[in-house]
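What follows is a group of structures, each given as structure tokens.
Okay, so chain A shows up in both of these, paired with chain B first and chain C after.
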Partner chain A sequence: MSIRAKELLVLGLIAVFSLIFYVGKVSGWKAVQFSTTVSIIVILLIVLSLVWILIKTIRGSLIERRIVFLYVGIAVALPLFMSLSQKIPISPEVKAVYDSIGELPAGSKVLVSFDYDPPSAPELQPMAEAFLYYCFVRDLKVIMIGLWPQGPQQANLAIEEVFEHEDIKPKNLKYGIDYVNLGYQAGNEFVIQRLGSDIKAMFPSDYRGKPYDEIPLVKNVKNFSNIDYCFNLSSGFVGTREWVQIAVDRFGVKLGAGNTAVQAPQMYPFMRAGQLIGLLGGMSGAAEFEYLTEWTGKGTKYMLSQSFAHMIVVAFIIIGNVAFFRSGRKSRLDR
Partner chain B sequence: MEHFALWIGGFLTLGIISFLYKDNPWYKLSEAIYVGISAGYWFVSLFWDNFYGKFWIGVFPPDRVNDAGELVSTGRPDYWLIIGGVLGLMMLMRLLPKIGWISRWALAFIVGATAGLWLINYFSSFIMVQIQNTVIPLFGENYGASSHVIVGNIVVAVGTFAGLVYFYFSKEHKGTFGATARVGIFFLMITFGASFGYTVMSRMSLLIGRIDFLFGDWLGMIK
Partner chain C sequence: MRRAIPLLITGIVGAVFVVQYFVPHYPFNMMSNWFSDWFAIVGACAIVLGALNLMKISIQKVIKRRADWGYAAVIVASFLLITIIGLAEGGDFRDPGTKFDWLYKFVYTPLSSTMFALLAFFVASASYRAFRARNFEATLLLLAAFFVMLGRVPVGYTITEFMPVEYRLSDLASWIMSFPQAAGQRAIMIGIGLGIVSTSLRVILGIERTYLGGD
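Right after this comes the complex of A and B.
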């Protein structure tokens, strides 16, 4: 069979597989879940196959790069089917966010800026949901804004998810009184600058078009001095750096942040300097915050995949180094 | 419509992932759709949010009516925005090669204003505050710090000093000076390693998100 024919066969199999399971989903098939025994057997098989690859590498037979991709894919996908749980240790920076919210009296106004878009949602959306849940559990008033165009939509998705929770439903939270979404405003860091003097100038109406002065929650909120706490969910520019530079250092705002893992290391100097109260970094930060707030979200669910993927990466770093020393490239480099 | 959207999402996600096998028409199609939609989305977003939402509404504020249909107020026009509009128009002159030089004036305004704003912010946030929190007593005030804080303070002090020595290029890196610079390299390498680790975590998170979409939202195989 030619390579072309094999490729077409795989494509056809993917299409058939997808169609069968989609029809199954629509017909009400249950989700697949491995028992603990099956999960352990699967993990053992993966470990054994990695050992086999290591032995092959030591013998001088190198594997193709696509095999590495396949293993990473397996490491990410299979844990989603497993019923194993993982211990989540709490880091001080996540605890600091939790404690700082816990110290706010009921009725305090919290400004949450959603500065990200769907590509960063796997990391930041679990944080957003857990944070909003905790705010509502604590009876805090939430004002949501977005400095990224899709930010307010992410805020609405998080609100919908949180409102499904049995702890939140009985509270019967009212839009405009307990929470509000002021929408997106273009202008990046200049918007933050202006919020320090006049929030209404930047958000004359909410995302539905209702005028600022007609929204009970914010009609007496003039600027940052009327906000008790700010929380920034950020995946780039404009984001936490700009909030620290302007809102914190210029206007003295209390700021916590949730960041994608890529930019989280850049925020640690702000933590140490006290410019940031606390930081949720990447998916592990989201999982830790979910654990603390007792919100059952995707951060915790994804952490097993994250850990498996990291183990696979470490395994292939070891295998890669073995291949490096075995292939004689080191001696060539030394020369 | 929901079924259609899910299938489109699944088709495009698999198309992008197929690049891991090799470059192929499916990937190219998915990539072209992504680029096209992104460009279109940003154009529409910038037009409605910036040009219409800020400039047009600001200069020509519409009358507002309340729920009963009564005229509540007529907004005041903000004519200062016209200056911004003119600068924006000047920026577009880049599209006309013969008078493209006009765009430099608008660019000069942006560079000047941004530099002026950020000069103070950077100096305050990244220099003054950071130095203030680096130059601290190693053992805490009144020698009251716990052991892990003392170790942390020493690491910060040594790391900062050694890092600065490494970036001092007016003296040859030899002898004690060179040894200190090498310590600085170790600190830099650890920093890069931590950043790389976080980057791996971030990229894995994105992959997990897509896999969850494929097997969860699309095929319903996972909860």
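Right after this comes the complex of A and C.
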């Protein structure tokens, strides 16, 4: 089979699977769920196959890269069908975000900046949903903005999801009174700088075009001094670093953040210095926050996949090092 | 003149922002606000310019049948589709239930998430081939990665739950992230900060001119 034919075959398969998943989603199909026994048997089989790979490696036979890809695919996909539960430990940085929101009195204004786009949504969207849920449960007023073009759309998706929850529905939250989406503004860190002096100058209307002064929630909000808490969801530039450097250092804003796992380590110095109140790092941060806020979201659901994927990577690091030492520390695993 | 004016603008704007940081009073605060507003306007124009440029390049590629012109055709078609649908739906085009929202939710989001998800496969493969205990430093890095990878997910907590609190993998991972990792990050940030200060001064003073293009 030629390469072009293989590409077309893969594209065709992806299209068929996408169609099936879409039909399933809109039709409300229930996902197949393995029982606990089946789940444990599947895990044992995977572990046994890894042991077999380790034995093969010790005997001098190296595995191909596509086998690693296959195991990662299995580690991510299979747990989605398993019915196993894990105890989620709470890290101090996540607890700090939770506590800081808990300390705000009802009616406090919280500014949430959605500085990410769909590629980072699997990690950040669960945080956004859990955070908004917790704000609404505590009767806080939420002002949403985006310094990334897709940010306001992600905010809408999160709101849509949160409003389906049985704790939120009876509150009958109203747009413009309990929450508002001011949309996207170009200008990166200069937007943050300007919010410190005049929010209206950067967001003269909401994302639908309604004038700022006609929105009851924000008409008396002049700048950061009228905001009680800021929360930044970020996956790069412009993001948490700029919010710390400008909003916190210049204007003394109270800031919590949610970052992708890749970016989160860069924020620890800010947290250690007290510039950042707390941090939700990656999907595990989202799962921890969901656990604290009692929001049943995707962070917790996907943690089993993440646990499996991490274990698979660790297993292959061990296998790779076995191969490395077995070959007198000269091995180049190019295959 | 073509170089002098941009140099002058850069010098004045840069100097105002530096002074305004230390003296946030009239007239520097007012000038800073002006320049911030102008930056947002220029930024918004740059987005339009970037989109139009992408269209121009893609259309040229399709017309001249250059290599991989099929991908360029997909860009043009997608661009036109989303723009036309967005414009046709008016001011509420991003609301739930609109066609734009459908495209965003069921086409754009899964496609871009898929691209990002490919990273997991490459990270695993790269870890398998590159994470080697070659020397002391590499072994330290390897061990840190080992503990953090297991400690940051619930399974790390589960397999060491019987141990005293400080010795559990989750606590060890938190310690690594909060102390050695934060110290390393801080050192890098200080280095970057010093670099930014010196480069910014060179730009403001007109010594560094590469951003203007040419030599």
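Assume the second predicted complex is superposed on the first by the 298 of 335 C-alpha atoms of A that agree within 3 Å, B and C clash if a C-alpha of one lies under 4 Å from a C-alpha of the other, contacts with A are read in each partner's own complex, and residues count from 1 in each chain.
Criterion: a residue touches a chain if its C-beta (ideal position, glycine included) is under 8 Å from a C-beta of that chain, and two chains touch if they have at least 3 such contacts.
From a predicted model like this one, the values you see are computed outputs, not experimental measurements.
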Item to check | Clash or fit, chain B versus chain C on superposed chain A | outcome: clash
Next on the checklist: Taking the superposition on A as described, I'd like to know which of chain B and chain C A:D139 touches: first, second, both or neither.
Outcome noted: neither
Next on the checklist: In the overlaid three-chain picture, which partner chain does A:A77 touch, first (chain B) or second (chain C), both, or neither?
Outcome noted: first
Item to check | Which superposed partner A:V244 touches (first chain B, second chain C, both, neither) | outcome: first
Checklist entry - Does chain B (first) or chain C (second) touch A:F69, or do both, or does neither? => result both
Checklist entry - With the two structures laid over each other on chain A, which partner does A:R208 touch: chain B (first), chain C (second), both, or neither? => result second
Next on the checklist: In the overlaid three-chain picture, which partner chain does A:D228 touch, first (chain B) or second (chain C), both, or neither?
Outcome noted: neither
Next on the checklist: Using the superposition on chain A as set up above, list the residues of chain A that contact both chain B and chain C.
Outcome noted: 18, 22, 69, 72-73, 76, 119-122, 149, 185-187, 190, 193, 250, 261, 265, 269, 272, 281-282, 284, 306, 309-310, 313
Checklist outcome for this item: Interface with chain B, chain A side, in the complex: residues 14, 18, 21-22, 24-26, 29, 31-33, 66, 69, 72-73, 76-77, 80-81, 119-123, 149, 184-187, 189-190, 193, 211, 244-246, 248-250, 260-262, 264-265, 269, 272-275, 281-284, 298, 302, 305-306, 309-310, 313
Checklist entry - Touching chain C in the complex: which residues of chain A? => result 18, 22, 65, 68-69, 71-73, 76, 86-89, 91-92, 117-122, 149, 152-153, 156-157, 160, 185-188, 190-191, 193-194, 197-198, 201-202, 207-209, 250, 261, 265-266, 268-269, 271-272, 281-282, 284, 287, 303, 306-314, 316-317, 319-321, 324-325, 329, 333-334
Item to check | chain B to chain A touching residues, read off their complex | outcome: 3, 6-7, 10, 14, 20-21, 45-46, 49-50, 53-54, 64, 117, 121-122, 124-125, 129-130, 132-133, 156, 191, 194-195, 198-202, 204-212, 215-216, 218-223
Checklist entry - Contact residues on chain C for chain A in the complex? => result 21, 29, 32-33, 35-37, 39-40, 43-44, 46-47, 91-92, 94-96, 101, 104-106, 108-110, 112-113, 115-117, 120-121, 123-125, 127-129, 131-134, 142, 145-146, 149-150, 152-158, 161, 168, 170, 174, 177-178, 181-182, 185-186, 189
